[in-house]
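Take a look at the structures below.
One chain, subunit A, links the two complexes that follow: it is found with subunit B in the first and with subunit C in the second.
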Partner chain A sequence: MKSTFLSVLALAVISTATAQDHGGHMGGMKSNLPTMPADMPRWINSPGADHLFYKAAPYNWAINRIPAFARDMYGTGVGHAMAYETLVTGRKDQLETRIFDSINRVLQNPPRNPVDEVALSPTFFRKYGYLEKVFDWAHILHFQTIDVFTHPGWTDAQKEAEIEKLWQFYSAQPYAITGLPMNMEYLDSFPYSMRFRTNYPKVNALFWGYHWLQTVNYDMLFRVPVQDQAAQYEVLGAQYRTTELYKIRDFMPMTAEMSPRFAKRFPMIANAFDNLHMLHDNVNDILASDELSESQKRDQVKIAIYRVLASTHVDEEPGSGEDAPGTLHDHRHAPSTPGMGYMKGMEDDVMFMSGMGWMDMSACAHCSIPLPDGPMWGATVTADGWTMMVRCLMCARDMAAETPGRAIIRAATEDPSKILILISDEEGNLTSNIPGVVFLEEFGEHPECSAWSRAFTSKAAFEQFQKGNPEMKEAKPLSLEAWVQLNQGTPETYRKIDKPNPYKSDGANGGGK
Partner chain B sequence: MRTRLVILGVLVAGSAFATDHNNIDSGRPLRFDDAYSIAFRERAIELGLKFDTFRRSSPSYGLKAEYKVGFAKNQDIGIGFEPSYSTSDRRGDVGNVELSYFNGLRREIDNTPALAYRVDVGLPTGRGSRGADVRFRGIVTKTVGQYDRLHLNLDLTTSTQKTAGERQATAGLTVGYTKPLGYPTQFDRTLVAQFGIDQSRDTSRGWVGNVGLGIRQQMGVRSVLDFGIEADVFSSKGRNPAGLRFAVGYSVGF
Partner chain C sequence: MKLMNTISKSIALLAVVGAMGMTSIASAHEADCPYCKLKLVQNTKEQDNEVVVKVGNKRIEYRCLYCVIKDQKRYKGDLVVYSPSEKVGAPVILKRTAGKWSAPEGAVFLNTFKKHKDCAALSRAFSNKEAFDAYIKKNPSEGAKAMTLDQFLAEVAKS
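On to the complex of A and B.
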C-alpha cells in the first residue's frame, strides 16, 4: 500500500530532491571544529515533522491573564525566526538594518497570539528541521511553566508539584535539553563562538533582551498571588521595551541571575533554559560564520544540539565534573546557585554579572553578609534590569533607593504563603500588595539584620512575633509610609569585588553596582 | 450516492495543526490538505457550516462537526458528522459518519516536499445511503518562493456498493495554494486558494473543475475562524456545473 502510494507520489511531486550542500571551502576553522560524536541520537535524522502537543491542563494559556506580558512573550517567537531566515537566504547584509527594524517593530507591537516560527522561517527549517524539535519542545516548557504560575485557584504547593510534573513530561521526550548545569565558558568557546554578537550587535541585543524577559518573569510569578503579578509587569514590561532590548551585554542573561528564587527552587529548569539560550547563541554563531561550508554548518548545528541534550548526559549529576573542568561534562555550579553552570572567570560563588560587575551570589548584594542557608529568604530587589537577593527588608529598601528608576521588592513575611510585593515609582514612593503591612526595623548589627528588619502582614502578626522575641518588645510597628522614609545608607560591611571584566580583553574593570 | 461524494470531497477530517491558521485542513474552508498531521496528543474540534448554493431559490444547509486526535507522532485519526437540512425537501438528515486516518510521512527537507497520505471511510448512516465509500488521498506540500506553499492532493475513491449509472472508482486532483498575509508585521491570517478537477461518480457526467478562495484567521491561541467560497467552473460532459458553495468554520485545539 505504502509503496504504491509512494510510486504515485513520485509522479506527482512538484520538484525532486536535490542536495542543498554545494560544498565550499574549508576555512581555517576546520581543524578546531568539534567533530561529530559517534552516539548522535537517531531521531536527529528522522524525516518526520514529529510535532508534539503540550500537556493538557486547566492552566494552559493562563499567561493571557496578563495581556501585555503574553503579547511580549508571543513577540519573542519572531526574532530568531526572522534572523535565521535572513542568514540562510543570503541576506546577512540586511540584518542590522532592515531585519532589525522588522524584528524591533514586532517586539514593540507584539502579536495577540503565538507566532508559528516555522512559518516565518521556512527556508531555515527545511535545512535545520531537527532544530525545530528541540526549540519547540523547550518553548512549550517555557510557556507551560508560566501558565502554571499565572493560573488562579491553585496553591503554591499545587503549582510547584505541577511544575515538577511538567519537567518530567518534558524530559520524557528525546528532544529534551538537559537540566544539568553546563559550563557556559566551554559552550561559548568554539571557533565560531561570539561571531553573531560581534557582527550583529543590534540584533543580538534584541535576542538577549527577550531572553532577559523570558528569564526575569519567573520571580515575578513564583509564589506570587496571581492578583499581584500584573502590577509587577508594568515595571518589567516598560524596562523590557525601553531598555533591555537595546542593551549591549557582555553575556546572555542567565535565569538564576534574573530569577534567583525560582532558580533555587527549580534549578533543573533554570539550567535547561540557559542551555537552550546558549544553543540559540551557538546556532546564531554557526550561521553567521562565512568560513563554514553548508555541510559544516549542518554538522555543527547537530553537534551543538547534541551537547545540550539530556540524552548526552544520562546518569550525570549536578555538581559533577570537577575532574574535567571546562569540558562537555563539567556540571559544576556555584555552591549557592545550583541553577547556573560555571561562567567565565567564576570562582565558587563569585561571578561576573553583566551590568553589575563581580557579585558574590552567596552574600547579600547590599551588605555583603552571607545569605542564610535553606528555604528562609529575606528579599529580592529588581531594578534597572537586574535582580539581586538581599538579607532583609532594610537592605532591599536602601538598595532600591540607591538605584534610579522604578524597582520591585519581593520579600518574605511571617506567613510563608504571603509574599510582600513593593513597587516603587520614579520618586521612590512604594505601594504594597498587603494593605495592612507593618515593618520591624530596630537598627542593629548587620550580621543579624534579618532578625531585626522584617515585614508582617498585620499588626497582630507583628505583636505575635514580639511575644516570641522578647528582645523586640520595645519595637514599634512601622507603617509603610514611615518605614519608607528610613534609609541606613550603604552598610559598612559592603565589600566591592574589584576584578577585570572577563569578557573584555582590554582589562577593563568589572565595575560594580 | 452523489451526496456522499460531496461529503467525502469537502468535509472529511483534516490534517495538520487544525488550530493554526497556517496549517490547512480539508473542509476548512476549502477541500485540500497540507501534508502535516495535528500534533501528537493534540485533540481538535472543528465546526463548520456550509450553504449550497446561492443560485438556487431553496438552498441546503449543512453542519459539520469533527473530532480529531493526534494519537502518535505524525498521525491522527478523526470522526466527523454532517447533519444537513434541505429547504426544498423541508427535512433534515443525520448525514453520514466519516472516519479518517492521516499519516505524515516526512516534513519538507531542503528541496524535497513534505509527503503524507490519508484514508477516509464514509459510513452509510445518512438517509438513502448504501455501502461505504473509501477514499485514499496522497498529499504533497512544497514551499514556493519565500513563504507561499503549494499543496497537491491526489484522490482515489471507491465504493463498496455501486448502482447502475455509477462509476466504481473515481479520481480527483486538487492543487491548493496558501499564502500568509501580513508578513512581516502580522502573523495571524492565511489566504487559501484551490483549483481542482474531480471525476463524477455519475457516469453521465465527466470531469468537473472547481476553484475556491478563502481565508483562515487566527482568533485565539488555539482557535481559527475560516471562511471560503467554491464554485464549479466547468464540466467535461453532462449538465452544467453547480453554483456557489459557501463555507464558514471554527476550529479549536485542546
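On to the complex of A and C.
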C-alpha cells in the first residue's frame, strides 16, 4: 500500500514537471524558424534519383484482391502531387476551387493502376526530389504491408513475420522515417505550422480524408481472413467517399486512433506512418507560407525531413524523452498505446480525438472500465469514421447500436485464429463472417463484462467454455438473431471526460461520446 | 513505462469501482446529436430532454424533434420516436410506419427555436394543449403556437 502511494505521488510529480517544461518550451518554438542542423545527411543534397522499389515478394499487388480499396488507395497518390505542383508553380489561388475539383474528381473516380506522382508534379520533383525519395519509400511500405495482409494462403504468424521483415527492409535505407513516437504538438509548432489547413481547408480535408483511409484500413486487414476483408471495405469505402474526404478535422487522423489493433502489434510502423503524415503537413505548410523565400522553403523542407528521419534518432528508445518534453527527441507515448506519439493536451492515456472528444485509450470506450492487459482485447467498433476499443461483445453491440450509420465490430472468439467480424447496416441488422457463431451474455457487473459477454465460433465451443466455467453452466447460447435484439443501454460505469477541445481557442467543449 | 501503465490502470479501475460503490451518479449518454452536431441535452429530474429514435436494432439519440424529422431520410425502415413531453418518463411516442407519421390523439408540438442551441427547449412534443400552454407560460417563446403533427412536419419541411 505504502509503495503504491509513493508511486502515485511520484507519477503526479513527474506529470506536473512535464507539463510545465512542455508549455515553456512550446512558447519559444513559435518565434523562430528552425535552423539547419549540422548533421544533415549528405544524400539530401544529391541530385540523383536513387529510386527504390518494392521488396521482391509473392504478395506484391495483392491489394488488387479488393479492387475498390486498391483504386481508392491509388487515387491518394494524386492529391498531394497535384497540390504540390500547384503550390510550386504559383497557382495557389486556384487550390480551393479548380484544383480541389480536379483532386476530388480523381478521388471519386480513382485510377485502376498506381499513378506516377512525378508525372503529375514535374516542377515539384525538380525542386524537391529529395523529399519525393522519403515519401516514395514510405508509400511503398504502406502498400507492401497492405499487400501482405491481403495475400491469401499465409497464416497470421507468417504475415506478421513478413511485416517485421518489411520493416527491416524499409529501415535499412537512408530515406526511412523513424518508427519512434514523436511529439505531434512539437512537430506542429513552427512559425509556418497550420498555415495550409487554415488557408486551404477544403483541400486539407481531402488530404486528411485519405490519411484516414491509409490508416483505417489496417484493422480491416490485420488478423482478418482475406475472404472477410472486402465486405468491410464496402462500409469503409462508402464512409471515405461520402464523408471522410470532406470532414473538417481538428488534427490529422492518427494510425492508432483508426487501427488500434494493428498499432498495438506494430507500433513502429504506426509511428512511422504518423510521422510521414506529419511531414506531409509540414511540407504543405511550408509551401503555403508566402513570407518564406524559395531558399527558405527548400531549407525548411530539408529540416522537416531531418526531424523525422530514422538516422536523426539512432539509439533512441520509445518512451524516452521525459527529460526533454516537447522537443525533437521526445519519444514518449501513452502507456497503453506505444504506436502514438504525444498529442496536444494529452495526459497519460487521455487524449483528444477529433469526432469523439476526450478518450481514455486504456479504457473501454463504452463502459469506461480499463481494458485488460495483453496484446489483444475484446473488440473494436468502427462507425461514423472512428474506431474504438471496447471490453466485450455487449459493449460493442450497444455502442454500434447507438451510433447512426453502418458499423463494423471486430471481436475475439475462443479461437485466437478466428476473429469475428460483424457488419451492421443502417438499422442495426448484423451479418457475421462465422456462420455458426453463438454468444454468451449473462448480464452482471460491468468490471467483469469480458467474462460474461463473449462470442464462440460454435455451440460446441460454447459448451466447452461452460465446462471450464461452472458459474456459467445455466447460460444458454444465443444465436446472432437473438443476441442482436438485446440492448443493455449506457453502462452506469460510463464516465465522460469533460474538457475543452485543445485545438479550439474559444474553449469549445470536447464533445463526442 | 510498464510499471506506470500497471499503476495507472489499477488506479483507474479502483476509481471506477469506487465511484460505483460510493456514489449514485445517474448514467448519462453524452454524445453529439447526429443532425445538428451539438451536445445532447441530458434528462433532468424535472424534465426529459433526450429524443430517442428506435429503428430496427438501433437506438439513436437526438437533441430535439426537429433534428429527428430533418434526419429521417437516412432511415428506410419504420421508426419509433420517444419524444420528451411535459412529464418525466412519459414520452410522446411518434411512429413512422411505411413512411407515414402518426402521433397519439391530442398531442401538440412546439417549434420556435431560431438557433440550434435552443432546439432542445423549443422543438418539443406535448401530450395535450393544456400541457403546451403550461410549458409556454413557464418558458415564453415568441410566436409559439400549438401545432398538430401534420403542421409540425410541414413547418420543419419548409425550414
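For this structure, a couple of remarks:
In the analysis below, the second predicted complex is superposed on the first by the 481 of 513 C-alpha atoms of A that agree within 3 Å, B and C clash if a C-alpha of one lies under 4 Å from a C-alpha of the other, contacts with A are read in each partner's own complex, and residues count from 1 in each chain.
Everything below uses one rule, namely that contacts are C-beta pairs under 8 Å (C-beta built on N, C-alpha and C of every residue); 3 or more make two chains touch, one makes a residue touch a chain.
Given the structure is predicted, the values throughout are model-derived calculations rather than measurements.
By the touch criterion stated above, A:Gly428 is placed in contact with subunit C alone, subunit B being left untouched.
In the superposition on chain A, A:Arg112 makes contact with subunit B only, while subunit C stays out of contact range.
Residue contacts after overlaying the shared chain place A:Asn487 against subunit C, while subunit B stays out of touching range. In the superposition on chain A, A:His51 makes contact with subunit B only, not with subunit C.
Contact with neither subunit B nor subunit C is seen for A:Gln168 once the two complexes are overlaid on the shared chain. In the superposed model, A:Thr155 lies in contact with neither subunit B nor subunit C. Put simply, subunit A uses residues 8 to touch subunit B in one complex and subunit C in the other. The part of subunit A that touches subunit C in the complex is made up of residues 4, 7-8, 11, 319, 335-336, 348-349, 360, 362-363, 368-370, 373, 401-405, 424-430, 447, 484-485, 487, 489-496, 498, 509, 511-513. By the touch criterion stated above, subunit A contacts subunit B in their complex at residues 5-6, 8-9, 12-20, 47-53, 56, 60-61, 64, 78, 82, 85, 89, 102, 105-106, 109, 111-116, 119-120, 122-123, 126-127, 129. By the touch criterion stated above, subunit B contacts subunit A in their complex at residues 17, 20, 22, 36-43, 70, 73-74, 104-115, 117, 136, 138, 140, 142-144, 146-147, 149-150, 152, 154, 180, 183-188, 218, 220-222, 253-254.
Listed in rising order, the residues of subunit C touching subunit A in the complex are 1, 3-13, 16-17, 19-20, 25, 27-32, 34, 37, 39, 55-61, 71, 74-77.
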